[in-house]
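The structure under discussion is supplied below as structure tokens; questions concerning it will follow.
Here the chain labels run A, B and C in written order, and each chain numbers its own residues starting at 1.
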Amino acid sequence: MHIEIDEISRLFGATAALHPVSLSVPSGALVALLGPSGSGKTTLLRILGGLEFPSSGRVLFDGQDATGLSVQERRAGFVFQSYALFRHMTVSENIAYGLKARPRATRPNPAEISRRVARLLDLIQLPDIGARYPAQLSGGQRQRVALARALAIEPRMLLLDEPFGALDAKVRKELRQGLRDIHDNTGLTTVFVTHDQEEAMELADLVVVMSMGRIEQIGRPQDIRARPATPFVRSFITA
Amino acid sequence: MGRPLIRRSAMPGLGLSMGITLTLLSLVVLLPIGALLAKGASYGAAGIWETVNRPRVWAALFLSFRLALAAALFNLVFGLVLAWVLARYRFVGRRLLDAAVDLPFALPTAVAGIALTALYAPNGAFGQVAARLGWQIAYTQWGIFIALVFVGLPFVARSVQPVIEEIDREIEEASASLGATRLHTLRRVILPILTPAALTGFALSLARGVGEYGSVIFIAGNIPRLTEIAPLLIVIQLEEFNYDAAAAIGIAMLVISLAMLLSINLIQIWSRRSLQDV
Amino acid sequence: MSDIPAFHHRSPTTEAPALQWALTGIAVLGLALLVLAPLVAVFAEALADGAGAALRSLANPDARAAIRLTLTIAAISVPLNAVFGIAAAWFITRFDFRGKALLITLIDLPFSVSPVVAGLCIVLMFGSNSLVGGWLVAQGAPVVFALPGIVLATLFVTFPFVARELIPVMIEQGRSEEEAALTLGASGWRVFRTVTLPNIRWALMYGVLLCNARAMGEFGAVAVVSGKIRGQTATMPITIEMLYQEYLSVAAFSLAVVLALLALVTLLLKAGLERRHADQLAATHRP
């Protein structure tokens, strides 16, 4: 799905978390929002997911105005920074949650739901953990379960807030490739937030560099490396 | 342009939760208190003053406050000991003791009132012993004091206990390694950490004591100007359908309560600030 | 006492054994005299003429009417309070708005108002010589000296219980699980039922437990609004007072035993919740 961000701004009281920003995410792209802490990455991602509302501007999905769509209607697979797994549900119940929440007409039957849960557990290469609770998982496992849960609703896009932020360097590298593979297999338009320039450059098709609520540069990794548009981008990517 | 009154959010249920909250709060708490204030306003400041400024009323207000203060001070010290013992020492029956601390919260005040009276009346189990020493407890201010100690007992202990449990032992070890005696550590290191919670509990205990009625009236004797507490005066005025006078005393008590609520909040703000310094 | 190695040097973070013994002694003795003795007295006085007399006094119609009334009042006011507490905690912890601190203070206000003043407020608002009360009496629906007034008084004094317990728990749990459920397509009601409620259920139960104990035991506020009509508006605590004033000591204490047993059950359940679900309660975290 093609995502178009048109002059979106967001004010929190007097401070602007986002100055009007515009961005076009081509269908099927894997895009990184890269920037230091407080640059407005999470705010922008939450606006895309329908969890936060812009003070002005529009969001377009495949050319259709989606600004007024509720969070449920957007069908964005959202992976939270701290995963936000339901702590009182098993891994399987977590993954099945979105399917069970569907209206009866479109809800798969229980057998179909468990089949899909099993398939997703295979996809994240954790076939045997369905009966466990989130507290019994490692950080990397939790991250993958959160991803599976988001994929279960057959989302129109994938939005991930610092998906590897809470993990150690080794796990981070492994899961990076995992996300790349899932993206390539599903073809979902994917936006992920990171403040790690190496991660953004290595993983994304398109990198959006943000600072203080503005977009400093949009480009392919190699282009940003070769031709930083502003002094900020230059210093940030060499840091 | 300030920040909006309510920030728009994707969370559901804003209207419903706000509606229920504000409706019930208004109906149950705010409108009735408003009715009291309105009554006071129609009675006028002069009328209120005239009612309150009588020896019997002053005596009752002063008695309620003085004995609540004394009981809260007792509970401050005893509550600190209780909290320390329960948090730090392991002994047989500790669990039972821990549960017993909450009994005054759970036991209805009227039940506590008649039980204390039975114990401390001149022919009661404790009253007899005291009488032999020439000391009358029930139907004197001592009785009120004991009832107020009972109802206020859990506040300080329950405020302080979790704080003690969370104290980092390394602080105490650091103090000891710097050559401090145990007593010095307790006084100079531990006590300051406990002070905000202890004061909060103290203020809660005091507030509870000033307004307490059920546990006190049975043991108090209710002699005007001697053992008559302020809430009882309100009840007496109401029984005589003397609504203006009841409202006047009620407002005086409300003002005292609000002043104490304010001080509790100030203590909490102050303690939050002092904790941030660490 | 604690694990003090008897012949070694004392650990630097414990007190001298003598001091430990002294403090423990003060705590045990103090609690025994101040708290446990009154509890024992309730039972002893009730059984002064034997168990038969105590049971007979409980079978008295007035005593049974009082028990029924108290149960009715709790059955109305506790669920209302739970609904209020959940709504208030949801509103306060799930939304950002101005005046939040003031709202929390107002919700806490009943804890610092004397129960008698609370009753007075309700009499002044709904009594027959007030505007609202006069109209209600004319409609044949009196509030004061009737069940609605007792319920209102009970609601007033128990008002903060559930909300106070839920607010810190829901702040600590944060909003992200609910947000996740929303992104997965769940409706608002479904989010509450499947995500929020399971996370707050023990805290809710804890608040309801304390609220119930207070609701059944409230005396001061109810005394003012009830009118003390035997068999009609006399709750258990009010009946205890009336019996006691009439020197019917056994009858008064027998009814008191019922309430004391309720208090003991409450404490037992409370201790159980605290032991098993400490991490999900506010009380065990609160400073």
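The rule we apply is simple: a residue touches a chain if its C-beta (ideal position, glycine included) is under 8 Å from a C-beta of that chain, and two chains touch if they have at least 3 such contacts.
Worth saying up front: this structure is predicted, and the values here are computed from it rather than measured.
If touching chains are joined by edges, the resulting network of the protein chains shown connects every chain directly with every other. The central chain of the assembly on a C-alpha centroid basis is C.
Compared with subunit C, the chain whose C-alpha mean position is the greatest distance off is A. The centroid of the Cα atoms in subunit A and the matching centroid in subunit C are 46 Å apart. Separation between the centroids of subunit B and subunit C, computed from CA atoms only, is 15 Å.
Centroids built from CA atoms put subunit B at 51 Å from subunit A. In subunit B, the residues touching two or more other chains are 3, 10. For subunit A, residues touching at least two other chains, in rising order: 50-51, 71. Listed for subunit C are residues 179, 182, 187, each touching two or more other chains. Against subunit B, the residues of subunit A that register as touching in their complex are 12-14, 50-53, 70-71.
The touching residues of subunit B, counted against subunit A in their complex, run 1-3, 8, 10.
Of all residues in subunit C, only 1-3, 12-16, 20, 23-24, 26-28, 30-31, 33-39, 41-42, 45, 80, 83-84, 87-88, 90-92, 94-98, 103, 105-118, 120-125, 127, 129-130, 152, 155-156, 159, 175, 178-179, 182, 187-189, 191-192, 210, 213, 216-220, 223-224, 236-238, 240-241, 244, 249, 252-253, 256, 259-260, 263-264, 266-268, 270-271, 284-287 touch subunit B in the complex they form. The touching residues of subunit A, counted against subunit C in their complex, run 49-51, 71-72, 74-78, 80, 82, 84-88, 97-98, 101-102, 149-150, 152-153. Subunit C makes touch with subunit A in their complex at residues 176-177, 179-187, 190, 194-195, 198-199.
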